[in-house]
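Which chain is which? They are A, B and C, in the order written, and residues in each are numbered from 1.
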Amino acid sequence: MRYLPKSDAERAAMLAEIGARSINDLFSVIPEEYRVRRDLDVPRQQAESEIISYFKAAGQKNATDYASFLGAGAYRHYRPVIIDSLVQRGEFLTSYTPYQAEITQGTLQAIFEFQTMIAELTGMDVANASMYDGSTGAAEAVLMAMRVTGRQKAVIARTVHPEYREVIATYLKHRDLPTSEVGYLSATGRVDLEALEAVVTDETACVLIQSPNFFGVIEDIPAIAEIAHKKGALLAVSIAEAVSLGVVRPPVEADIVSMEAQSFGVALSYGGPFCGVIAAKEQYLRQMPGRLAGQTVDADGNRGFVLTLSTREQHIRREKATSNICTNQALVALMATIFLTVYGKEGMRELAEQNLAKAHYASKTFSSMSGVTQLFTESPRFHEFVLQTDEAPAMWQKRLLEEKIVGGVELCRWYPELENATLWCATEVMPREVMDAAAKVLAAGLVEA
Amino acid sequence: MAYPTNYRYTKEHEWIVLDGKIGTIGITDYAQNSLGDIVYVDAPKVGDGVTANQTFGSVESVKAVSDLFSPVTGTVTEVNETLKNEPDKINAAPHETWIIKVELSDPAEWDGLLEAAAYEAFIAEETGS
Amino acid sequence: MATETIERKTLGKVRPHQTQNEGLVFEKSSPGKKAYKLPPLDVPAVDVASALGAAHRQEPAALPELSEIEIIRHFTRLSTWNYAIDLGMYPLGSCTMKYNPRVNEFVARIEGLAEAHPYRPEAQAQGILEVIDLLQKCLIEITGMDTITLQPAAGAHGEFTGILLARAWHESQGNPRKKILIPDSAHGTNPATAAICGYQVENLKSNAEGGIDLEALERQVDEETAALMLTNPSTIGVFESQIHRIADILHAKGALLYMDGANMNALVGKARPGDFGVDVMHLNLHKTFSTPHGGGGPGSGPVACKKFLEPFLPTPVLYTKEDGTKHWDYNRPQSVGRVRAFYGNTGMFIRALAYILANGPDGLRQTTEDAVLNANYVRKKLEDLYELPYKTPSMHEVVFSDKRQAAKGIKTGDIAKRLIDYGFHPYTVSFPLIVPGALMIEPTESESREELDLFIDAMRSIAKEVEESPELVKSAPHSTRVSRLDEVTAARKPVLRWRA
């Protein structure tokens, strides 16, 4: 086996030094009846070239040459080449969690830089070293708000990503923590503020919204914050499209921000690994889940970094910990850090503006076709928009696929009231020709119908 | 370090000294010593109730958390705010640095607490010395 | 010019080498520098202020501005301050720091896999679904369980999912039950998980051999016990030889046996949890199946279970139609719900499957045997100098205590720091909690005899230093870029971000 650095002679010599007759002596503590006496039924050992062929074939079966208008919580942005060059350095790739600070300063300083950038972007005081993803991060944000306020009820906007809401429900329901949902206005696609006002009470720990929300609409954060804060509840804002922060005002009125940073240079990878992160106002730091890197000095007065405030965490506080989370997404957070360094202050704005322009062009072009209506046009949006078609989406989806284009995601599976509605996304990598071609396909079908 | 004889102690290593109905509570030298450098004190708010033998907060070092157990039942009347920024005062002067003051609802609880000599005997047993 | 004699001394496998100073990325920034170039916009630009109105960001975030070469140098310099598996033995017990094969990284980046959007139509995603299906089948076979979900993002997330499965099953029997039993030797994630699943944690004291005390177990298991969370081999690297009795005691009271699969590297190809009574367990793809730790993630924590728990698996569940095509089933009325958006850390699935394919059944077995051989070799070569608190046979890791060295005022943490000077990453310090002053050593199969011997020499040399020059050990490390860091100040006055 090519990964194993021993010859059979060395194995025999080592066994002799241990005083064992055979390797199976070392497994004799496993009761006889439970020992596997056969080969496991897994594929035979393969050469590296065979492994590559297998996965290449799988990749090709996946149909690579399709253009796509899919977004909905996973976004395709250009990934600068140096991201993969740098994260594949063995010193980053094959290092463990930086508990031994003296020999993990590289990872620690990179995390510190990540925390700083996330805090800058979100308008929060502090950010953690990352969470699994945006969905679990949102659930952790709700639990954090409950610890901060000592209250046990959460109000969650229906415009939060439906799968995020499902995850939050899973985290809460087994502990009998009640949640209520607040709907959206059909004209704006924004949280219904009157309904929100009615549902937030003195027992509400937090209001969780997403902005830009699942429909791509930017929520009225100051107004929502006021409603939450009036009752002593916190405002938690989930951000699924981090690139939006290049042009969209950060949610400075929020108490907690939970963000999915996948857009910052992380491959789609069929949904993971992504990179969640929680940022918050400084006064809530002690209730934050996950790892934190902090600055300090060494015995000689040099600047250095350590994991800090770890008494919040499971390895010390066990059942009283703020969360059971152990790993963060360090390598993915590093990708995001490099991405943000590549684009920098000006580039993030320019990038976000390009996304905005592409989506505006796409929505305008599509909705000018007869039989296609854009919803929620009254509200500001980032790079996603909702179309309602006279024709059932299955019909035009099929025609688009023939042109090697994947259209928007159908919404009725999560929003039964939004019949024939689809959610579209156009990022900076979407060429104009594809948008024009897709519009033609949409229109063509409508003529036939 | 000497354990003041006008104080009373718990087996969870808190001390209390009484002034009328007001009890002043901190942690012992033994407690701060076994915890090491204290970095954070989590104390209740003024007006909160505390119950004898129940936790009312915690003290943290870099790698350990120790729950604080109240020696008595009552209501918190004062919290030592200086510990927010200078938790290390507990390390420097554990028996002079108080954490909370409590108005006792049952002053008789005082009598059930350990006197200095009994507490010192208890920690001697704990450490096996 | 005055010249100094510079000592170039080799210690173990290392000698001090040059490391470069590097500030924070923000300190290297200057306005106007760029490392990006966007293509010209092929659609009309939008007046952002009027499009966004009040939602328009006025002040750009204070991100650094650097050129590409500076970014490459910055992160490359940072990387050189890390120790890594690629540099040498990384014997962190419980973490299974094995070699991370490079072909894994290569195949995870194949365009058709890396660029797949999670909502693409299933017909366009058959390739990745087949990869997921094959990995599921392999993991089911390796664990001897009946079914699996790959959705959990990490080990602790897998524990969460597994305990929710147990809870949902108990609920379906009419009572979710109240408590989870956890041995005192367990990882901290176990009690934290039980708590976030709404259970009380009941501690189970280990017996004199560091294993489960069957009498105590029998006493503590009752009709309100939902499950026992057991790590097997345990955190002291010992196989619970009474495992069948443990399962029987639990099952007699209707409680389930949950296995923390952190130590699966001791069992793959040699014994299967599904055969010895485990009802539900998680795996760590980043431990046993070689996906990289990446400085603390991403992980992946699949949960395998017996048939009776299948209805409760998180949605969606992968299934195969008669025509052989793969699809997601969202209609799972008894499911515990989703634990994560989309389907899990798919990029890690690809890597883990590449590892299994590279090994095959014979390679997987040999891997386990070598891991156990290495741990026993280290044990044999160090047991005369370091106290072995439990004499029970070791599997893939060995746990010593600092008892003899502590008598000289040197603790496990000091020995660990001194090990750095010899060119090794420390072992796991002060865990498990049942061993005071623990040194938990897991060499993994990836170490050659030469590297093991260097490690053993280093440990023996340190033991001697403890006797002869304890101060040297106490103030270690001496060869690193920074010396011991002030963790107390870091915690008292947290500085968690840079400010201009």
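Just so we're on the same page, a residue touches a chain if its C-beta (ideal position, glycine included) is under 8 Å from a C-beta of that chain, and two chains touch if they have at least 3 such contacts.
Computed from a predicted model, the values in this text were never measured in an experiment.
Visitor: Comparing A-C against B-C, which pair counts more contacting C-beta pairs?
Guide: A-C
Visitor: By CA centroids, point me to the most central chain in this structure.
Guide: C
Visitor: Measuring between Cα centroids, which chain is at the maximum distance from subunit A?
Guide: Of all the other chains, the one whose centre lies farthest from subunit A is B.
Visitor: Between subunit A and subunit B, tell me the centre distance in angstrom, where each centre is the average of that chain's C-alpha atoms.
Guide: Roughly 45 Å separates the two chain centres.
Visitor: Could you state the distance in Å from the CA-based centre of subunit B to that of subunit C?
Guide: Here subunit B and subunit C have centroids separated by 39 Å.
Visitor: Between subunit A and subunit C, tell me the centre distance in angstrom, where each centre is the average of that chain's C-alpha atoms.
Guide: Averaging C-alpha atoms per chain gives centres 20 Å apart.
Visitor: Would you pick out the residues of subunit C that each touch at least 2 other chains?
Guide: Each of 487, 491 in subunit C touches at least two other chains.
Visitor: Find every residue in subunit A that makes contact with two or more other chains and list them.
Guide: Correct list: 311, 316-317, 320.
Visitor: Indicate the residues of subunit B shared as contacts by at least two other chains.
Guide: Each of 40, 60-62 in subunit B touches at least two other chains.
Visitor: Given the complex with subunit C, which residues does subunit B contribute to the contact?
Guide: Interface residues on the subunit B side: 37, 39-40, 60-62, 87-88.
Visitor: State the interface residues of subunit B toward subunit A in the complex, per the touch definition above.
Guide: Spelled out, the residues of subunit B in touch with subunit A are 40, 42, 60-65.
Visitor: Would you tell me which residues of subunit A are touching subunit B in their complex?
Guide: Contact set of subunit A toward subunit B: 286, 310-311, 316-317, 320.
Visitor: Can you tell me which positions in subunit C touch subunit B when the two form their complex?
Guide: Listed in rising order, the residues are 487-488, 491-492.
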